[in-house]
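Could you have a look at this structure, given as structure tokens, before my questions?
Should a chain be cited, it is by its letter among A, B, C and D, assigned in written order, with residues numbered from 1 in that chain.
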């Protein structure tokens, strides 16, 4: 069964910051699209902040099974009405994968109800992403530990609801830990937050990271029709004889 | 240690609907305040929709450890800025208890990220509230089953995130079940949703129901200082030698 | 990818009790095997209590991805060494589906660590199995409510660990509720307990019930190699330079 | 309300190993008893492996609200019948706190159903215990990070069921992470596993560690009468008119 994926990217750093351009010349979204496309089950599109409606027109959203979200410097520019539409579709069953600094996106904050704050430090220190749930579908075929030579540190406490599933935990050389792979179930929607991916390091070129994101697309994809739970679920039912 | 409780009530039905006035002549909030006051650990105030700032001025919120919320017909009239302030305090550690039709309040929807829809039918059918977690603090001293002769039916699917703790499940004579006592952890805050309490039945006069709400106040009360996680938790930390 | 399923049945009632023989002339295991075989992804075998090693020889266990367990009157006759082998394989990744009165099997009690007691009453009352997690893979293609005209009542409190996922809740006409579809993660293994299936009623002939069990086989199947976690996971690791 | 605590210790290292005697001359159990006794709510006893019935006679168990368990080299010598009695009481509501190498005790393995394996390395490296649930009662009054200059490394994957609550995560200088403070609910019992405490380091002399163990005693203490769930919960109930 085909899974329709839309990779959303803020796509600003890649147009102005030489260090980022060197790593992602066509943008983070194109790198992600490229590795996802290798899986024939996936039908992959991209969308970016500066497109009309941020590329998330009703047509695009209505035909998206899984939305991947990378944002960082321009969270505030994302329109509230589009945030609400995205969240509404998640509640109805669309999967969401939030990457790295997307923790502070309006979409992630709105769908979790939390502020999603954390500690951070960007000195390019070593990071190890440990798999703590070896039989989870998102971890299928993934080594028990992925070592990233350079990554931004994200540290606890992470201001989120208790995750429903904790798949990965990260270690940072500077002394911090982080719940780096978390699944949240919100109504019919599955949300996966995954920490790795600072824009100046080639994280999304790493095969292990690619495998995790690819697995996650399958995991958060809807298993039933996506519905509008705002309309359809508030139902007065008649009394029947039981 | 004193727990400062604010009982918030929409307080509209009790001014216009004879059936409700008969059960709660001074308002649902006053009935709840009255039974809570019997516990010397509690310092109890009330607030209502039609007070300035809905009775939830910064002073009141800043000195509230646990907020109880009953609303039904006028959810839309609650000001968004106050909803946001309430949610911000919950994220920082204030406890929230949402009663009955409060499932559809802006506060509950915002703090859970969900639409919180459900099935309903008001024919005054029999309801049994089963305790499925006998050692939970909210269930301390509570019978394994509370029978309510007449209650509005609330039925699954309930459009919420997966609860972190499921303490009660309700049975309705007409054939439905409901996750009727749910704990959600959002950052530092604890949220308890409890289904019983339709305004035309004397639910909050029931000693078992009172015991549960009283227990819940102690359970969701903060165990540490309430902070503003929006400001304080997004911290850049320096690298130290470890 | 083929999933190797072994359907284990106590297979005693079906040899002595006319009411059961009328419903399951070849045994419950054969009925379950028959509907599972319709899915080409499944390779299905059966095993029963009175076979040598209860049909669960090392060869069988070593080639089983998902074990389905139905037992009732002869739990005590199941050999402890085989129980331990089964649990050891579950811990390493084999899926387990426990049906109905299997709640009191040695395997379920050992793998959950609990006594797994419950309330019961067999008067053939009406039962409704409500889906409370509409986007869960086990619920894919399943109606929001399955009505069973006659079923044994199983009621709360159910003496289990907190389930990691609650997929179904049952309503019984006599006034009880039950957490009837529960997922437990134990190390690498997934365990699904599903309540319906008293031997004198044609529960496993019901298409909705069949769909759930079939879905569950796919859900609890291992996503990685099944290992012996007793041997392989207690590992002294050397210090490396990080 | 008084909480009756029994501190169980294997008490072998402290009689033969000079390095351990230097840190815990009277035994780990006496150090733990000493700091717990400062809280007037606690009534504290000790028990050790080489006492008759390992010090866990029926009288002792019947009057214990919270059992603390430290063991390491002699897990195999603990009698199976006593393990079963301990687990039976946990299922009925007694709290259990398992410290450090107690992860491999028969009691912890039996009550969780798992093998509880992990990675380890004892080079005395630095360990940081991070609080990831700042509003949890076990973390009340505890700093967000406790730094232990020297500790044995325990690393993921930790072969346990999914914890119901994750309160602490540990960082080790050598590159590993660990779910170091985990709550498991088994029937009516609460179990808290806490990693710090290798016998050659003065971990239990650390005030922060003491605070956590003291908090945990209050958290896992029963909130209702402790019952025998093996006898009392398997109940046939008559049909009543509802």
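The definition used in the following text is that contacts are C-beta pairs under 8 Å (C-beta built on N, C-alpha and C of every residue); 3 or more make two chains touch, one makes a residue touch a chain.
The shown structure was predicted, so the numbers you read here are calculated from the model rather than taken from an experiment.
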Longest centre-to-centre distance from chain B, chain (CA-based): C
Fraction-based call for chain C against chain B, same above half, different below: same
Euclidean distance of C-alpha centroids - chain A vs chain B, Å: 31
Separation of chain B from chain C, taking each centre as the mean of its C-alpha atoms, in whole Å: 37
Per-residue overlap in chain C, given as positions that touch at least 2 other chains: 128, 133-134, 155, 157, 162, 175-176, 185, 187-188, 242
Topology of the chain contact graph, where touching chains are joined (line, ring, star, complete, other): complete
Interfacial residue positions of chain D with respect to chain B in the complex: 93, 126, 128, 133-137, 139-141, 173, 185, 187-190, 222-224, 242
Complex interface listing, chain D residues touching chain C: 87-88, 91, 104, 110-115, 117-121, 123, 125, 153, 155, 157, 159-162, 164, 174-176, 184-188, 229-230, 232-240, 242
Chain B-facing residues of chain C, complex: 128, 130-134, 144, 155-158, 162, 165-166, 169-172, 175-177, 179
